[in-house]
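Note that the chains take the letters A, B, C and D in the order they are written out, and that residue 1 is the start of every chain.
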Amino acid sequence: MNFLSDTTAPAHPKLIEAIGAANTGFEASYGQDAISARVEARLREIFECELKVLFAVSGTASNALALSVLCPADGVILCHDEAHIHRDERGAPEFYTGGAKLVPLAGAHAKIELSALDRVLAEIPEGFVHTSPVRVLSLSNLTESGTAYTVAEVAERADRLKHRPALIHMDGARFANALVSLGCTPAELTWKAGVDALCFGATKNGALGAEAVVLFPSVLDRFEALQARQKRGGHMAPKMRFMAAQFEAWLDGDLWLDLARAANARATELAAGLAGLPGVEILHPVDGNEIFARIPEPVAARMRAGGAGFYQWPDGSARLVTSWCTRADEIKSLIAAAV
Amino acid sequence: MNFLSDTTAPAHPKLIEAIGAANTGFEASYGQDAISARVEARLREIFECELKVLFAVSGTASNALALSVLCPADGVILCHDEAHIHRDERGAPEFYTGGAKLVPLAGAHAKIELSALDRVLAEIPEGFVHTSPVRVLSLSNLTESGTAYTVAEVAERADRLKHRPALIHMDGARFANALVSLGCTPAELTWKAGVDALCFGATKNGALGAEAVVLFPSVLDRFEALQARQKRGGHMAPKMRFMAAQFEAWLDGDLWLDLARAANARATELAAGLAGLPGVEILHPVDGNEIFARIPEPVAARMRAGGAGFYQWPDGSARLVTSWCTRADEIKSLIAAAV
Amino acid sequence: MNFLSDTTAPAHPKLIEAIGAANTGFEASYGQDAISARVEARLREIFECELKVLFAVSGTASNALALSVLCPADGVILCHDEAHIHRDERGAPEFYTGGAKLVPLAGAHAKIELSALDRVLAEIPEGFVHTSPVRVLSLSNLTESGTAYTVAEVAERADRLKHRPALIHMDGARFANALVSLGCTPAELTWKAGVDALCFGATKNGALGAEAVVLFPSVLDRFEALQARQKRGGHMAPKMRFMAAQFEAWLDGDLWLDLARAANARATELAAGLAGLPGVEILHPVDGNEIFARIPEPVAARMRAGGAGFYQWPDGSARLVTSWCTRADEIKSLIAAAV
Amino acid sequence: MNFLSDTTAPAHPKLIEAIGAANTGFEASYGQDAISARVEARLREIFECELKVLFAVSGTASNALALSVLCPADGVILCHDEAHIHRDERGAPEFYTGGAKLVPLAGAHAKIELSALDRVLAEIPEGFVHTSPVRVLSLSNLTESGTAYTVAEVAERADRLKHRPALIHMDGARFANALVSLGCTPAELTWKAGVDALCFGATKNGALGAEAVVLFPSVLDRFEALQARQKRGGHMAPKMRFMAAQFEAWLDGDLWLDLARAANARATELAAGLAGLPGVEILHPVDGNEIFARIPEPVAARMRAGGAGFYQWPDGSARLVTSWCTRADEIKSLIAAAV
C-alpha cells in the first residue's frame, strides 16, 4: 500500500502496449512523427479549440518550458507560496526564463487569495523601469493541497490580470483529477476561463513519463519559440513517438478520465475512513487524489505497521496520495489497520 | 531503406520488453529506483572504475548537463567546428552553463587538429581577467564525420590541457560505434585517456530514449551539482525506472556492442558498395555507422528511386546512416539500385 | 528643497576636486591604479581586518556583483519583502546569480522578523535535490524603512544561518547613516556580527557615483571570481582611478561620517517638526536620513506649495529623504510652510 | 611616453570642468536629467536622424547592453575572430544575451572577409529548430587591428544579412578615430550603411568614463527593453548627470573630432618613424590611433630605455596606441631613442 506519491505508481498497461505498438519501423524524429500529429488533433477535439502541443519528460520541464515563453527574463511570475514551481523545482522556472522572479502569494488550501493577488498587483507598478513587472499568474490545478480551483475561481483570478500585458499559466500535473472532480469540460477549466497555457500531466495518472505543454489560441504565436526552448533545454527527444504514443493511448476512449476518477474515488474513501478515526483531522478539502491530514502518532504508527507508505510533512501533517491503481480493498485494510 | 538517421530507427525489442518488465508495482521515483542502482553498478564493471551516472532523455540534454558541471559560466569550451554541441543543439551548452563560450577548432574529418588546439591554447591566456579561460575540451567519438578518435588521439589532445584547470568531455552519442570500431576497452577510450565525463548514448543504438552522463573518478565530487542541474533542467524524470530499464537491457549480455557492430558492419558494406560506383567519393574514413559521400546526382536519384532515404548536406554531399536494424540485403539492393 | 532622494543631491565639492586631482598623466587602468590600492589599504584600517574591495557605478551593481559570488544559481537568497534587491533592481540579483530565488520575509519597519526567518529555515530543507537551498541572508542597513539594525540584531539574524553553508550579505547603500546612528564601529556592524560581504555605498552620501563591494576575511577567496564577474558585467571601468579618487576623498578625514551625520541630523529635525503637525504620523523610527510619514493632504499640499519635493508612496504615505547638503534652515522653512 | 592604451590616458580638462559645472543643486536621477536630454538632442543633429541613447561606464557594458536587445538568447552573433566582444570581455555578450553564441570569422587586418561571411551564412540555416540562427553581425570600427572599415565595406557586409531577421551592431570604442580617418559623416558610417545600433565610445578619446549605446531608427522600439537591461545590469547610474556632462562637453564644438584627429595624427607620425627603422614592419594599415608592428628586439629595447611603454603581443609583435594627449615631440624623441 503505497501512498507516497502517484509518481511511484506503475504505468497503465495500455500505455505499455502502445509503446510496443509504436515500435514498428522507421519514423520521423524530434516530434515530426505521425503519432504526435494525431495527439495534437485529438487535443483540439478535447479542448474544443485551435492549439499547439509539445511533450516533455517531467512536469518540471513542462512548467519551465511554458513559463519561458510566457514570461520575459525580467518579469514577475505570481504563484501560491506553496506552488510546485516555487518550492519543488530547484529553480527551473528561474533557469528557463533567464531569471524571472517568482513572487509567492498566500491563501488557504493552496489557493491564491484574491486579496493577496490584489495587494501585490497594487504594489508592483507597470512601466516602472526599476521594478520587474508582473507578466504571469500561475495557478496549480489540483493545487499543492489537493484542492481544485473551480472554473469561477480560475476566471476570477485570471480577470485580475486583464489590464496588464500578463498571461495565465496552469500547472496541471493533476489536471485530470481536478477536471473529473469539478465535472466541467477541459475548455471551461482552461482557455474559456482565461488560461493561456496548460501544463498537462499524464505521468502521475498512468503514463510512464509524458507531460504536454498546450498553448491555447491566445499564445499560438509563441509555439516556434517554445520549440526552440524545447530543443535548447534538451527536451526534444529524438524518438518522440514513444512519448506521443503514451498520450495517444491515455486519451483514447477517455482512459485518462477513468484513471483520474479511480484515483479520486479512492481518495474520497480514504478521507472518509481517516476522518472517522479518533484524533485525525483532514486539513484540506479532498477534491482530487491527495489527502493532507493531521494523524496522531499512534494511529500513524499503526498505519505504517499495516504496510502503508506515506510522507510526513515538516509541520507534522501527513500526505497520502492515491493513484490510478490504488484498490478499494487497500483503503479498507489501511483503515482497518489504523483503528 | 532509411538512412536518414539512427534516431529514426525503432528500439530493440529487448528494451521494449524491459520496459514492460519494469512496470510492476510501486517503485521509488526520481532515480532512486533499484534498476538505476543496478545500472550504475554494471557501468562500474564496464568502465572498470568508480563512477556516478544519471540519465537524460536526449543527447543534447546529457551534453548540456555534463558541460554545466565541467565549465563555469565564464569559461571556454573548445570543440571541433562541426561539433554537435556547437552546431546542432540550439545553444543548449550555452544555456546550461550560463553562457560559456564555445570556441570552434578546425581539423580534417571532424577531428580537432593538434595545431589548431595548440594555437588556441597559446592565444587564450590563463588568469587574465578580461578573457574567458579555457575550462573544457570536448571531443565527439564518433565524430560528426563518422570517424573515431583512437585512444592515442584522445590522450594526445587531453594531454594538451593538463597544465590548465581544464577538463575533458566526450560526446559519446555514438560511443558504442567508436568502441567496437577501435577494439579497445571502454576504460581505455575514456578515463584512462584523460576523459573526465562521458555522455554515453543509447538512443541511436537501440534504445527508445536513454542517454547517460557518466562522471569518472576525477570529477565524482561534482555529482551532487549534476543532480541539482538535472532537476533544475527538468530532466529528473519521475518514473526514472523506465529509462534505467532500457540501459539495463541494453548493457545486458553486451547487447549494446552487438548492435553497434551490426550497424558498423552495414556501414562498411555500404561504403564498399558506394565506393565502387562511378563518380562516388567517400569523404571520410568510415569508422562507425555513418558514411559521407559525394554522389553524382544521377546515382543519388537512382538510390532514392530505389527507396533509400538519406540527407543531402548543404555542400552537396550525402550522409547515410546505418542502424542496429539495417539489414545486409537492404545494402545490397540499394547498391543494385544505384548502379 | 528636494527630499525626493539622496540620489538627486549633488556631490560633495571635495570629491569633485579629487577627480580633478586624479587627472594627471597616465595611470594603470581597470582598477590596477595607485588610488584604488590606497583606498583598499584605508578600508583595511577602517574595518580593522584583511579585506578585498572593488568598485561599481551603482548600488544595484554592487549588490548584484556581491550576491553573484555568494549565491549559486540554484540557491535561495532570503531578504525582507521590501528589500531594494527584491523590489527595486529589476531582477539584477537574479540576473547576476544566474537565476537565484529571492524569498521575501516579513517584519515591521523593514527589519526581518526572527520568527519569519525561523519559519522559512524550517520550511526549506538542506540537501534536498528538489528544493533550492538557502545560501544567502541579505540585510539592508539602513533598511528600506530608514531604520537601522543594531549590531545585536544583525548578529542574531546571522547566527540563524550558522549551521548552513550560507553567507550574510549587507546592502549598505546607506551604511554610513546606519553607522553614525548606532555609534558602533564599522567592524562591529559587519564582519564581527557575521557579515561576509558589504555593499558600501558612497553615491547617496556625497559621491558622484561610487559604490564598493567589500569582501571580509571569510570570503576573501571569492575575490578572483568577483573580479571576473565585474568584468563580465561590464563594471570594470577602464579609468577606475576616477571612481577610486572619490572614495579616497570621501574616506579622508572621516568626511563620509560627517556627511552622514549631517543628513541624519536634518532628518531628526524634520521628523520632529513633522511630528508636531496635526494629523501627521511618523511610520517608522527615524534612524538615518529617511522619514516615512502619513501626512494629511492639506499639510502635504502646503509643503509642496512651500517648494518641497518628496515622493508619495502607493499606500498614501510620504517619503522624505535628507542628504548631506540639506540645510537646517530648509527644514525650518518647510515646517513653517506646512503649518 | 605611454603607448600602452588610450584607457591609461587622462581625461580632457574640459570634461573635468563639465563635471564640476554639473554639480549644482539637485537633479533628476537615473538618466532623467536635463543634460542627458540635451546630449540626446545633440546626437540627433550629429547623426542626422531620430535616435535614442543611454550611457554606460565601459565599452564592455555598452556592447553587452546593445547586443542584449539585438540578439535573442538562442541567436548567433557573427564577429571577427579578434573582436573585443569575443576576446576581451569575459563573455559579457553571452551573459547579457542569456547565452547567445558568438561565431568568429576570419579576415585580414581584423576586417571580416566577405567570403568568410558568405560561408557561415550558407552553413547556418534559418528556421531550423536545431541550429541557433544568425541574428546579429557585429563590426568594430576601428577594428582590433586599428584599421577602419570604409562606408562601402560596412554596407557590403550589412547587406549580406538583409534577407534574414538580423541586425547590425557596431562596436565604436574608437568610432571617432575611424570617422576622422575616413572623412565621412557619422550618419554615413552608421545607419545609412545599415548599422542598427552603435556603441559610441568616449572614454578612450578624452572622457573619464562615458560610453553610449545609440539606437538608430530601425530599432527605436527596443529602447524600453534597453533601459530595462541597463537597470537590470546595474548600469543605470543614480547620478547620471555626471556621465551626460562628459558627453556634452566632448561633443561641444566638435571637441571629440579634434581629439581623435590629434591621436590619429600622432599615430601617423609614429608609424612613419617606425617604418624608417631597420627591421621594423608595420603589420596593418594605420587608419586610426593604433600601430601594430614587428620590432626587432634591440630596437624595442632602445624604445623602452627611452621611456616608452607599450604592449608586446603574444605573437611577438608590438602594439602602440596614441591618445588625444600624445605630443608630437614625444613621437620624435621616441623615434630618436629607437634609432
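What we mean here is this: a residue touches a chain if its C-beta (ideal position, glycine included) is under 8 Å from a C-beta of that chain, and two chains touch if they have at least 3 such contacts.
Note that the structure is predicted; figures quoted are calculated from it, not measured.
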Is the number of contacting C-beta pairs greater for A-C or for A-B? A-B
Work out the mean Cα position per chain and let me know which chain is farthest from chain A. D
Taking each chain's centre as its mean C-alpha position, how far apart are chain A and chain B in Å? 34
Please report how many Å separate the Cα centroid of chain B from that of chain C, as a whole number. 50
List the centre-to-centre spacing of chain A and chain C in whole Å, with centres computed as mean CA coordinates. 41
Which chain B residues touch at least two other chains? 30, 73-74, 89-91, 95, 98, 129-130, 228, 231-232, 236
Interface residues, chain A side, partner chain D - complex: 30, 73-74, 98, 129-130, 227-229, 231-232, 236
Which residues, counting only chain A, touch chain C once they are in their complex? 73-74, 86-91, 94-95, 97-104, 122-123, 125, 129-132, 314
Mind listing the chain D positions that touch chain C in their complex? 2, 4-5, 7-11, 13, 16, 19-20, 23-30, 56-65, 89-92, 95-96, 203-204, 208-209, 228, 231-239, 242-243, 309
